[in-house]
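Take a look at the following structure, please.
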Amino acid sequence: MPVRVSLFVTCIVDQLFPKIGLAMADVLERAGCRVDFPEDQTCCGQPAYNSGYRREAAQVARHFLRVFESADYVVVPSGSCTSMITHHYEDLFQKDPEWAERARRLAPRVWEFSQFLLEVLKIDDVGAHLNKVVTYHDSCHALRELKIQDGPRRLLKKVRGLELREMDTAGECCGFGGTFSVKLPEISGAMLQVKLASILRTGAQAVVSVDASCLMQIRGALSRAGVPVQTLHLAEVLASR
Amino acid sequence: MSREFILHRVRTALGRSAAQAPPPAPEVELRIRELPLKQRIEIFSAALEKLGGRTCVAGSAEEARTYAARLVEGKRAVASNAPLLADCGLTSLPGVQSGFSNALELRRALETADVGITGADYALAETGSLVLLASASEARLISLLPPVHLAVVSKERLLAGLDELVTLLPDPAAATSALVIITGPSRTADIEQILVRGVHGPREVHVLLI
Amino acid sequence: MSPSPLVQIRQTLADPGLQAAIYSSTGRLVEKRRQAVSESDPAEFERWREQAREIKKHTLENLDYYLERLEERLTARGVKVLWAKDGGEVTDFVLRLARERNARLIVKSKSMTTEEIHLTDRLQEAGLEALETDLGEYIVQLAGQRPSHIVAPALHLTRYQIGDLFHERLGVEREVVPEKQTLIARRTLREKFLAADIGITGANFLVAEAGLVVVVENEGNARLSSSIPRVHIVIAGIEKLIPRTSDLAIFLKLLGRSATGQPLTVYTSLLGGPRLAGELDGPEEVYLVLLDNGRTRLLADRAKRQSLYCIRCGACLNHCPVYRKIGGHSYPWVYSGPIGAIITPQFHGLLEDAWLPYASSLCGACAEVCPVKIDIPQILLDLRWESVKAKVREGSNRLERWAFGVWAWVMCHPRLYELASLFSSAITTSEGDGWLKSVPAPFNAGPIRNWLSQRDLPPPPAKTFRQLWRERRGRGLS
């Protein structure tokens, strides 16, 4: 019986980096899953929650729950969106036991992509092939809220032709932080420069992460500096043949 | 002053009433390692050395005296009234003043002393620390004012570590106005994070285990 | 955001020397902590953190009881315990006591609590000589500046700046070797210690059942301040309490390692009161001033009460990528870094420094290292929410509120959402893969302009995911 997976691609992937969503679908289908894309999906509500707009975030969260409640599994190419759903929705519905319960019931079925591969499908080799030297950036929510650290590295090590080089600040924030990046751009930019220097020191050709928002931040700086280092979402690496 | 005001605010904040008994405090997990003396001495010496201090294990009072003699040669030293110091003959070394019972005289002597010699009530192996309780035989400033501190401790007072100390002494202030745990020489890294020893306290700490 | 914090932040970011000093100093402390934790057993370290949190939680939930116990025990040993609701009461008391004792010279060891109430400044204004004696604090005091880090106050100054400072303010030869500079300070301050009338210290912990004032340090100046002058005054926030001496062991093991990677700091003093009969030194009078200054307000907030667990180790500062760039002086209050970001609004009001809770990417590095497991990111999120509500009440921030309202509405209406994305792909002006270095007016405003000030913008793709997905479905690929 194939595993039925509903994709929550996240608004940033949907709008700006669709290839990440397609890559994730490819990998999941190749692994034998039946993948669907609930068309009514939009956002998990994190931007509003992080900015202090809980009422607005709760509205969006309720929409999310309605769209995905009946899914077997929801797989997400983002650590921060996943943790928003699994760790913070309860916070949003503190005064609303009915929705809190609905959030609680869905949470165990919502998975960040790499964790889904390793812990649900129990595979670490998806048959990928990519001749590249890469370095891995630990996105903060993935690392600290979901404890994602070893998993993506394991998956990357199984990619044929891939060389993984660790940067010396892998676990340090890239400076995105959602609206932080535009509310306090100078600080965000300064943090980003630290990350950039660290990436360049590895000599890697690409930076890999499980969060498109971090990749957008990092790629933005690489582009501004005219540095030809790529950014790739883990899904894109794993979908490579 | 504002005692009642503050207590009232605290109680209001917590929803507690005056004289309401608290629930029991949470358990604290202390770990007292069972270590044979030889190991304790090794651990202590290694820990103290890492901090820039020196340990000498003296097999006899004579050995202790010899070590101390080298340290105080040509220098001015002040020793506390700890009986152990006299027993080891340290107080009779040339240049060593001791037996102070007058606070002012002690202070004056300490202002120009090069070496302060004290006993110690305990030592802690895990951290290379000395534990001194202020008393009539142990003035606070002897281990603090001079640039060199020599402490003589009896081996049987060498505990495993902090956990053992707090277990033995749950009520330190019953016996003293000041218990100090001294872990190596005085130090700072306040200037460009560069380690400098001997800021306000001694820059050298020597421990004689006897 | 009011202009002045941004000015300081920009200045700091633009100063390469300062950037290097802040980043390397904090980096060193990060590494020291990491070493110390791995040398103890990391699993045991985690248990200590958990216990420390539980102890603090219990103590604060029953704070009135423990305050009274402490007062009882200390009073029995001749300590005079006073209660001050704010800094003014502390200052009044110290000045009154100084007058009564004809005191002229006061020596002080490092205490964030006294900085919080600007005690030293007030004493000096009143004509007393009040000296900071912690080397870093002494340097910063001479320079007329604020300390920039809880544990390393002079981390923003170089040895050359310090050499100049000593030369100018102490009249000594210009010396740039740190060891020699330290000796200069030692000599100068030793004279002061020996002549001081009053010594003032803070307290790292107050042990209720045993009636102890616990002061930890590396230099020896707190021991000197609390042993030489006839009068010793301890000023401590009411949140410093812990129940038992055995609890102290847990906290001491956490504090040194978290702050500087030391299993124990050089001097840990457990003080019980004035010198006992027979003792040859030690103060004749000891006063403990318990300070509220707003702490009871934090205590009342169940969710944010944990902010008071803080043991002032500085680990959150050292690990915070924001602090490591903007430094301590960019924060509006004496408490900087993540802990400063959460307590400042609670003490001073949300709208006072409204930008502060937002000056974080919520990376969580602070919570990971906090020895008492304060959930700083969650408190920041709570403060942001409260800030938004406060602004609603005040009637400000209308544009942002409206924007999020519209955003939420669109996000709840998938068809509208799809329409919006069509709009965004229509405005793309780049061909191929190139990221955008600029966008045409009127889009180069607000958030987009802020984004572009630091990095390029991704070009909206020709097709969104859902469009591509439909095509893929159409091609029978799924």
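Every chain is named by a letter (A, B and C) in the order it is written, and numbering of its residues begins at 1.
Keep in mind that, in the parts below, a contact is a pair of C-beta atoms (placed from the backbone, for glycine too) under 8 Å apart; a residue touches a chain by one contact, two chains touch by 3 or more.
Only a predicted model underlies this, so the values are computations on that prediction, with no experimental measurement involved.
Asks: Taking CA centroids for every chain, report which one is farthest away from chain B.
Replies: Most distant chain from chain B: A.
Asks: Work out per-chain C-alpha centres and flag the one nearest the whole-protein C-alpha centre.
Replies: C
Asks: Which chain pair has the highest count of C-beta pairs that touch?
Replies: Among the chain pairs, B-C has the highest number of C-beta contacts.
Asks: Could you please state the distance in Å, as a whole number, between where the Cα atoms of chain A are centred and where those of chain C are centred?
Replies: Result: the chain centres lie 32 Å from each other.
Asks: Cα centroid separation between chain A and chain B, in whole Å?
Replies: For chain A versus chain B, the centre distance works out to 54 Å.
Asks: Enumerate the contact residues on chain C facing chain A in the complex.
Replies: 6, 9-10, 13, 23, 321-322, 325-326, 355, 358-365, 367-368, 378, 381, 383-389, 400-401, 404-405, 407-412, 414, 417, 421, 424, 434-435, 437, 446-448, 450-451, 453-458, 460-461, 463-469, 472, 478
Asks: Name, in rising order, each residue of chain A that touches chain C in their complex.
Replies: Residues of chain A touching chain C: 9, 11, 13-18, 21-22, 25, 29, 35, 37, 39-43, 45, 47-54, 56-57, 59-60, 62-63, 91, 140-141, 143-145, 171-173, 175-192, 194, 216-217, 219-221, 223-224.
Asks: Using the touch rule from the top, collect the residues of chain C that touch chain B in their complex.
Replies: 21, 24-25, 28, 44, 47, 51, 54-55, 58-68, 73, 77, 82-85, 89, 93, 133-136, 139, 152-155, 157-159, 162, 178-179, 181-183, 185-186, 189-190, 193-194, 210-212, 218-221, 223-224, 226-228, 238, 243-250, 252-253, 260, 262-276, 278-282, 290, 292, 296-297, 299-300
Asks: Please give the residue numbers of chain B that touch chain C in the complex, ascending.
Replies: That would be residues 1-3, 5-7, 9-14, 16, 18, 20-23, 25-31, 47, 100-103, 106-107, 111, 126-127, 129, 134-136, 139-141, 144, 162-163, 165-167, 169-173, 176-194, 196, 198-202 of chain B.
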